[in-house]
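Once you've had a glance at the structure underneath, I'll fire off some questions.
Chain lettering (A, B, C and D) follows the sequence in which the chains are written, and residue indices restart at 1 in each chain.
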Amino acid sequence: MDKRIPTLAQAVADIPDGATVMIGGFGGSGAPIELIHALIDRYLATGSPKNLTVINNNAGNGHVGIAAMIEQGMVRKMICSFPRSADPKVFTDRYLAGEIELELVPQGTLAERIRAGGAGIPAFYTPTSYGTDLAKGKPVAEFDGRSYVQERWLKADVALIKAELGDHHGNLTYRMAARNFSPLMATAAAKTVAQVSRAVEPGDIDPESVITPGIFIGGIVEVSDPAQEEDLNRANAYYPKVTA
Amino acid sequence: MDKRIPTLAQAVADIPDGATVMIGGFGGSGAPIELIHALIDRYLATGSPKNLTVINNNAGNGHVGIAAMIEQGMVRKMICSFPRSADPKVFTDRYLAGEIELELVPQGTLAERIRAGGAGIPAFYTPTSYGTDLAKGKPVAEFDGRSYVQERWLKADVALIKAELGDHHGNLTYRMAARNFSPLMATAAAKTVAQVSRAVEPGDIDPESVITPGIFIGGIVEVSDPAQEEDLNRANAYYPKVTA
Amino acid sequence: MTDKLTNAQIAWRAAQDIADGAYVNLGIGFPEMVARFQPPGRQAIFHTENGILGFGEAPEPGAEDWDLINAGKKAVTLKPGTAFFHHADSFAMVRGGHLDVAILGAYQVAQNGDLANWSTGPKGVPAVGGAMDLVHGAKRVAVITDHVTKDGKPKLLAACTLPLTGVGCVTRVYTSLAVVDIQDGRFVLREKLPAISLDNLQAVTGAELHLDGAVGDLVVPEL
Amino acid sequence: MTDKLTNAQIAWRAAQDIADGAYVNLGIGFPEMVARFQPPGRQAIFHTENGILGFGEAPEPGAEDWDLINAGKKAVTLKPGTAFFHHADSFAMVRGGHLDVAILGAYQVAQNGDLANWSTGPKGVPAVGGAMDLVHGAKRVAVITDHVTKDGKPKLLAACTLPLTGVGCVTRVYTSLAVVDIQDGRFVLREKLPAISLDNLQAVTGAELHLDGAVGDLVVPEL
């Protein structure tokens, strides 16, 4: 069993138009920049994939990663908890122009809905958002005298995530807070592709330290020395690069 | 912050009569034998705690650990998935005599109910047990054309678990498949006490490898070279020891 | 000619349908035997409910580590690429549909895919384990079983009479006499032992066996 | 005499109520300042939604590691005893009631404990983050805020007029003028600046301030 994919282009080759794509990361930490940019390359070359629904905590920053996907017009809808941050100008402009849809989900509910999707739990109850605008239209129920909102699972066609080590079976580790949503998304997508900073042999990762077991992973592609979204944005980077 | 408890006796001193107690382990792997036996010692010395509800995957084996608790008459009710195994004679005899109550829960549902208890999810839907006797009396609902059973969270007053390393903040690692239910139970009990094979300083456990973060742990007690239930049963051990 | 497969032969036959790289859960007891018969060149990854993916065979007697056991509480071994996880993550794999195949034993299987394999009635101590989760989790849920009970009664039935493990969950049954698919609420015969006639097979089956194309010969090695 | 606390002073006052060993989540922005004012001899453990427990202060400029950030996306540092975990486990800590204290900012707080702190109305891009989870998770949910809005309107109200973050969730409010508990659907004044009279405090508060025993002096250091 060898889940290695030789190139970034191959890793994102089979994502269709209209797909729902979970993308790991919280702000820049854990953002699979190289996978996202490979997807943009494919779109620029072929016109696909377009009309994507993207699930991520945020809505991109600056002009790289998810922001660049939005800027290129690949994204129909964002599902996220916090589309407002330091420089989400690309999303903000599109949103205020009515050109992109937004489903706003409380952060813990977003995480739990993704976990539920991966764990075969079609719905659950949470106290979060009870009595607020974000609970409008959702079933509520009382348990032990307290009121809760029913939330549904979230699944995706594809998840694109960033990991640290990945062995050929797809077992993964992450790096510090870059872990965030990625282990959940890996379970909730029909196919998950992980860019890993280092591809290693089975047995090179301590079985006690595996965070995502290989059963959840469709393929890994090695990207050593991956870019950090935060560094790119501090350097005012654009993707694709703006040439003079 | 130092969560070390000096003695096993102190670790189990405040569990009251009638308490619901989650006990880690799957069969013998991960069974916190020394904590259980300390609880039996307390019961034999003081008559407390009694009328306990015990949550564990199984119902004890041989005459040590949970089986010994049942044998001493401390347990009113078991909540478990598999009370039948190689030598659960103690439970079987009591159960068939109508002296102990049993709530039978499918194993995955048991795990998920405990996780839900720890995660503030009062109820969730699962396909497991739909259409079976174990779903009787439970609400059912249809999602996307498939039928599911509503299950409630499980919480406990106390969890007794076995871990491998434990630092003074309560961060824990486990040993191989001894992990099983323990990380879940640690989240779902008002107070969790872990016996650890080695108590270490904060910083001695790689933050990437912490399985149970210290927030879930009330106290740790060091038990180096802990007994394995399986070894005890192969040696026909009894607790307390039967003297000639 | 063989007139009835041994358990090992049933397990062998079931193993032939497991693809290279498949993630597989084998029920406690008889189904565990399937692991022994992986065809050469294929490597399945085995999952056990108590939190291990990718474990290996039983260790030598005396070399057991009782923290490294399977759901049947038997000692197993590590292989390169093993991962440990807790019980909620383990059943997320199951319930979330991430396993390719689950192979279970059965008391009874009905033509609509209902399975009864956890309780023979109200006597004794009931115990269910992970079976009710497994039948709803794997992409393919197969049963391996004798074709009839010890006293010769059919186990493949129009409807189960014992308490159910799951509703409409089984898709293929490997028996001591035949390989039977469950499709659209009917038993469809795929293979049978050459030694048994279709009539005789039908006579020990509790619901109609439908045909959908040719019936193959169920041929297995001596085991 | 001080007639209004600075943000740092409000944060200082809130920090005095955090016990040694408490697990604490501080909201993005102003509430993060509370961490600076832990009383000597006490050590709280800080939680951030994006999966860290027990992190330390900001690193020196230039020494940031952008994989080691807090929920406000600011760089933090490791301390002995830090643990990393994924987002579902992180919000299990929150929703499951495992945090001792969450301290949040507010647009409005109502006398029944309702909080509005995520939306000022339908204009612009809405964003909620983890606030709606945090208000239902911690054993104690406290708010730190100016006593009034920038244009002098009360923020402590009979009922919130802005979209709610949570219903009946706040138990204590630390303002630039006072410390107010929320009990049984009422504001109960615990401390006020010596410089402001009870009447004047009531005049800038949008619901009745009840008394329950003596009102303490709100005394904080120069900051």
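Keep in mind that, in the parts below, contacts are C-beta pairs under 8 Å (C-beta built on N, C-alpha and C of every residue); 3 or more make two chains touch, one makes a residue touch a chain.
Predicted model only: the values in this text are computed from it and were never measured.
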item	value
Shared chain contacts [subunit A and subunit D, defined touch]	B
Target subunit C, source subunit A, minimum contact steps	1
Winner on C-beta contact pairs when B-D is weighed against B-C	B-C
Gap in Å, rounded to a whole number, between the CA centres of subunit B and subunit A	36
Subunit B-subunit C separation of Cα centroids, rounded to whole Å	30
Distance from subunit D to subunit C - Cα centre to Cα centre, in angstrom	56
Subunit C, residues touching no fewer than two other chains	84-85, 88, 91, 94-95, 136-137
Multi-chain contact residues (two or more partners), subunit A	112, 115, 119-121, 126-127, 174-176, 207-208, 211
Topology of the chain contact graph, where touching chains are joined (line, ring, star, complete, other)	other
Touching pairs among all chains present in the structure	A-B, A-C, A-D, B-C, B-D
Residues on subunit A engaged by subunit C in the complex (per definition of touch)	1, 115, 117-121, 167-169, 171, 187-188, 201-203, 207-208, 210, 213-216
Of subunit D, residues touching subunit A in the complex	48-52, 64-69, 73, 84-88, 90-91, 94-95, 114, 119, 124-133, 136-137, 163-167
In the complex with subunit C, residue positions of subunit B that touch it	26-30, 57, 81-86, 88, 91-92, 95-96, 102, 104-112, 114-115, 126-134, 174-184, 211, 228-231
Complex interface listing, subunit D residues touching subunit B	20-21, 23, 43, 45, 47, 53-54, 78-85, 88-89, 91-99, 136-137
Subunit B-touching residues of subunit A, taken from the complex the two chains share	112, 116, 119-127, 141, 143-144, 146, 148, 152, 173-176, 206-209, 211
